[in-house]
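Both complexes shown next keep chain A, but they swap its partner, so chain B is in the first and chain C is in the second.
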Partner chain A sequence: MTAASKPVAAARSRWSDFAFEALVRVAGFSSVLFVVLIFLFLLREGVPAFFEVPLQNLFGTRWYPTFDQFGTMPLILGSLLVTFTAIVISLPLGVATAVFVREVAPGWAREILKPLIEVLAGIPSVVLGFFGMTVLAPTIRQGLGMPTGLTAFTGAVLLAYMALPTIISVAEDALDAVPKSYRDASLAMGATHWQTIWRVVVPAARSGILTAVMLGLGRAIGETMAVMMVTGNAARMPTTLDSVFRPARTMTATIAAEMGEVAQGSTHYHVLFGIGILLFLITFLINLAAASAILQKRRRGGLR
Partner chain B sequence: MAAIAGPKPVSADTKRRYLVQRVGFALLTVAALVVVLPILYVIGSIVVQGIAAINWEFLFGMPRDGMKAGGIWPAIVGTIVLTISTAVISIPIGVGGAIYLSEYARDTKLTRSIRLALVNLAGIPSVVYGLFGLGMFVIFLGFGTSIVAGALTLAIMTLPVMISAAEEALRAVPMEFRTVSASLGGTRWQGVSRIVLPQALPGIITGVILGLLRVMGETAPILFTVAAFYLPRLPTSPLDQTMALPYHLYVISTQVPGMPPKMQYGTALVLLVFVLSLNLLATLIRSYFRRRRQW
Partner chain C sequence: MRVAFGRLALILWAIAVLFSVAGCGRSRSAAAEAAGSEAARTIQNTGSDTLVNLALAWAEHYMQAYPDMNISVTGGGSGTGIAALINGTVDIANASRAMKKEEIDAAKKNGIDPKEHTVARDAIAVVVHPSNPVQGLTIPQLADIYTGKITNWKDLGGADLPIVLLSRESNSGTYVYFLENVVRQGVKSAVMFSPDTLLMPSSEGISNEVRQNPNAIGYDGLGYVTSDQKVLPVAKDSASPHVLPSAATVNDGTYPISRPLYMYTAGEPQGEVKTYLDWIIGPEGQALVPTLGFVPLQK
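And then the complex of A and B:
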């Protein structure tokens, strides 16, 4: 290399270095921009609802948009009902499966289970919804002797399976992070493998399992298509004990079902965006809580 | 205490404890089966009942008779077009963002805001992405219900998946690779582009595929941004509406009375084949390169 060309090359690479760093920095910070944009556009279209509809109506118990009744309570409670029922089903199932995969299953069983659970995570929600309509709902109707199989419970079963991959994989990580010395100490004291699992390993992993539940919760409350197809979409207040086995309607399904038919800029349109704001805030808080738990762990050298 | 003890007699308590363990493990096995068997059943029944619908006309024909006959070609094309458009938009941003996070960003408050944003993006319900796409791309930017609007919405939705997978792949490349590159006089960008990126490529590709796989099956974000209920022709411009497989499946299973179940299962099968073959591809790439990797 001649003396003259060297500074030129160095200058050029310094310049391209600068350019590329700037580019990837923009790409990196674009995700912050997108979150802000999403929130701003939801506000832009949704905030007018709070001026157009009196709060008493907005948080009332009757959702009949064609009669200007925009009570969102049945939708919020419907979402909570379906989501919590789903978690009640998927938490024990998910933790038990994670324990099985991590602690008990022989190698070959693990090799089969893990890809299958990944496949479940990949099945589109509309396919599960279709299956729920054609197979699960009729089964539930017959099993319970109900007039319809399209109930909150049907939605919750589908949601439970959709949340399972998240719950299982995060719970597995948490179990994995429990130091081997804990197990060794417990086994050395004469505890059985079973006792070690439930009295030492799982309690030590409980914060990670809690994180798993929260992420599953976030996934479940935002799920749209499957829920819309199988819950029957009746906006009724779930006040009686058997509400789980009656039709229900969630916030997400309401947006998906009605947005296509409303006039842009109408009150109904603004209220649907208002429900979107609510969903955005709920999932934001849930995920924030889960993420801060994970980050804290990582900083303390746990979970890894 | 005796110096040499014989085998310790097994107490009743120990026997009981091992019995509990055996029952417990059996229960765990049952739980795992309860998780897995329905997955096999769903896939199996869709394959068995859907395969009857698959023929040349179904795959490559236009829908007829209000979708009750004919094929699903426009929906297949629509899904492919949407997925590719989304890839074109999201890959540069996603991989660039991952490079920034893994190679350039220091652990500052500002960087943490990116991580917070990613966590948030990952959690936003898909239907809320649909609302955003409607508000920003369809109405505010005036793209109308179009492939551009849908692809932009889907691209933003898939970013967190892509970025976190690509970042993980980049971070897995050992630090020595970077130091050696620097010690030979390479600039940081040269190190990244010629050493780190090629090494991380299989991981990045896997992440990209996993992100796009989600895009392919999504319905809620395209409901108000691109999807056409019934449009028996192929899209010709980025500003066209298009049919798409997931939305088509939703439509024919809830909105069309008297729809032959065979066609519903057939559509579900085609969608499932798309998604699962991408899934398989990602798994194969990952395991192939993991075995070949020398570090």
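And then the complex of A and C:
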């Protein structure tokens, strides 16, 4: 009995091993394949834009696509303006929260805060956009005395809020990875708790925090819905100093607002995909920078 | 434990994929069968967001009167509806603007000869915050406002406040109409909206900002104006009287910014589609028009 069932069991486990390995392999390869296919599709639809529209027009300053003026400069600068303002807001907040959660908060507070931060990441962006439109924008208009509350700054505040969970959890992991011996050594040298955090733990986790910022940046620049609802979508060049407090139009909002309408195969259609390519390149560069930061960290074993 | 869970998830995922593939196959064949027997009784209707509520009301009442008819109405913008007509995927395209020459050419290239039917009229209302003291504007003043020549309400008899320009997105038929007939004052030119104009993705975006921002000025179809916004009387020029938009002033031609709303069909309408369009233009269909804030056709 036992002698007969053993080979059967072995054969079955070998068979299931094979099946699962094959499944995992298919899943792994298919996701790579999909990314490649999507990129090829993006290229096929977007590259004609760079031939159909003179580059001077394409990188000009006037975006009136229904009248053949395809200046993408206000959109690119609008996206960068909103995204970097968002990072300026969320970086100190995020790192401070991570330091608090990991280093300062008592155990019970940490138990409450960590799941709460994860819930934050789950709020649909359209809900945040609605909140921004009805509550945040009027508050910003009245509080800062602006002509309108639908500004790049309003979008940046919402984006900062959306990038926070990413920044906090990745930065917290980075702080977590700093060896205990560092803290012990610092404290043994007579440093205070605060000095240990600020001079030893945070610098040691520096590259991890940089990764957190890069990932938050990638999250922010691709965000569409909330931004479209609160930035006012005016394609103006952000050349003056007060541009942060003026309306702006981002690349993502432009694609989302216009793609539904455009005639397939028209120049406008190709230009929208061309903007998609530019956006893809920007996020790719950001991810590359994040990856190289991680690599550097590994090479140095997470230490400074 | 974690490995076992991973396997379980993988199995569930594989099952889900198999089922969804099988499900797709089945629903597609079911749809094909349904199309075979009921194609003549289903009307696909898509396009203008301005018209979508009216088109829905027509469809609902029509289906109540003729229960064997099935009319599906979707929005998406005038251009979306026209593109669908060009691609031959809809029976009726709703549009708040006339088809452009390029669009008609594209349709003809696909063997489709679009026919235009005026189904209602719409007044474009100019709206401001209820606290705004301005009593009325002329079309040339509106043009100066929207091109950025006038940037402060005090130049128009209002308070010393900056003007915030609100417009619909450039895919909207309302945008194109306002640009051609107000910003360009009906003259062909390269004049554009000021780059500072805020493009709102929806009517709700405009009414929300007008409601709470004393600096704002916006425009939208009269049917979309809520009672907490102030509708400004508009004059054709400084010599004409200022007129508030209404069914009466649109039909007697005294309100200067009104436009026809269209339905387009591929070729002369036939069978069910023709019956439906005749019903819309007839007294029963037109009786629904004013309930949604539009202007019925004059008989």
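As a convention for this text, the second predicted complex is superposed on the first by the 269 of 304 C-alpha atoms of A that agree within 3 Å, B and C clash if a C-alpha of one lies under 4 Å from a C-alpha of the other, contacts with A are read in each partner's own complex, and residues count from 1 in each chain.
FYI, a residue touches a chain if its C-beta (ideal position, glycine included) is under 8 Å from a C-beta of that chain, and two chains touch if they have at least 3 such contacts.
Note that the structure is a prediction, hence the values are computed from the model and not measured.
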item: Of chain C and chain B, partner touching more chain A residues; value: B
item: Partner chain in contact with A:M229 - chain B first, chain C second, else both or neither; value: both
item: Partner chain in contact with A:P147 - chain B first, chain C second, else both or neither; value: second
item: Which of chain B and chain C A:V135 touches, first, second, both or neither; value: first
item: Touching partner for A:I117 - first (chain B), second (chain C), both, neither; value: first
item: First, second, both or neither for A:V35, with chain B first and chain C second; value: first
item: Chain B versus chain C as contact partner of A:V262, first or second or both or neither; value: second
item: Partner chain in contact with A:Y64 - chain B first, chain C second, else both or neither; value: second
item: Partner chain(s) touched by A:F284 [first = chain B, second = chain C, both, neither]; value: first
item: Which superposed partner A:V24 touches (first chain B, second chain C, both, neither); value: both
item: On chain A, positions contacted by chain B and by chain C; value: 20, 23-24, 27, 133-134, 229, 260, 264
item: Chain A-facing residues of chain C, complex; value: 7, 10, 14, 76-77, 79-80, 83, 86, 103, 106, 161-164, 169-171, 176, 190, 192-193, 195-201, 205, 208-209, 212-213, 215-216
item: Residue numbers on chain B that touch chain A, as the complex places them; value: 17-18, 20-21, 24-25, 27-29, 31-32, 34-36, 38-40, 42-43, 45-46, 92-97, 99-101, 103-105, 113-132, 134-136, 139-140, 156, 159-160, 163, 187-190, 192-193, 213-214, 216-220, 223-224, 246-247, 249-250, 253-254, 261, 264, 268, 271-272, 275-276, 279, 283
item: List of chain A residues in touch with chain C within their complex; value: 20, 23-24, 27, 62, 64-67, 74, 133-134, 137-138, 141, 147-150, 228-229, 232-237, 246-247, 249, 257-258, 260-264
item: Complex contacts: residues of chain A adjacent to chain B; value: 13-14, 16-17, 20-21, 23-32, 34-35, 37-38, 41-42, 44-45, 92-94, 96-97, 99-101, 104-105, 109, 112-113, 115-120, 122-131, 133-135, 161, 164, 168, 192-195, 198, 218, 221-225, 229, 252, 255-256, 259-260, 264, 272-273, 276, 279-280, 283-284, 286-288, 290-291, 295
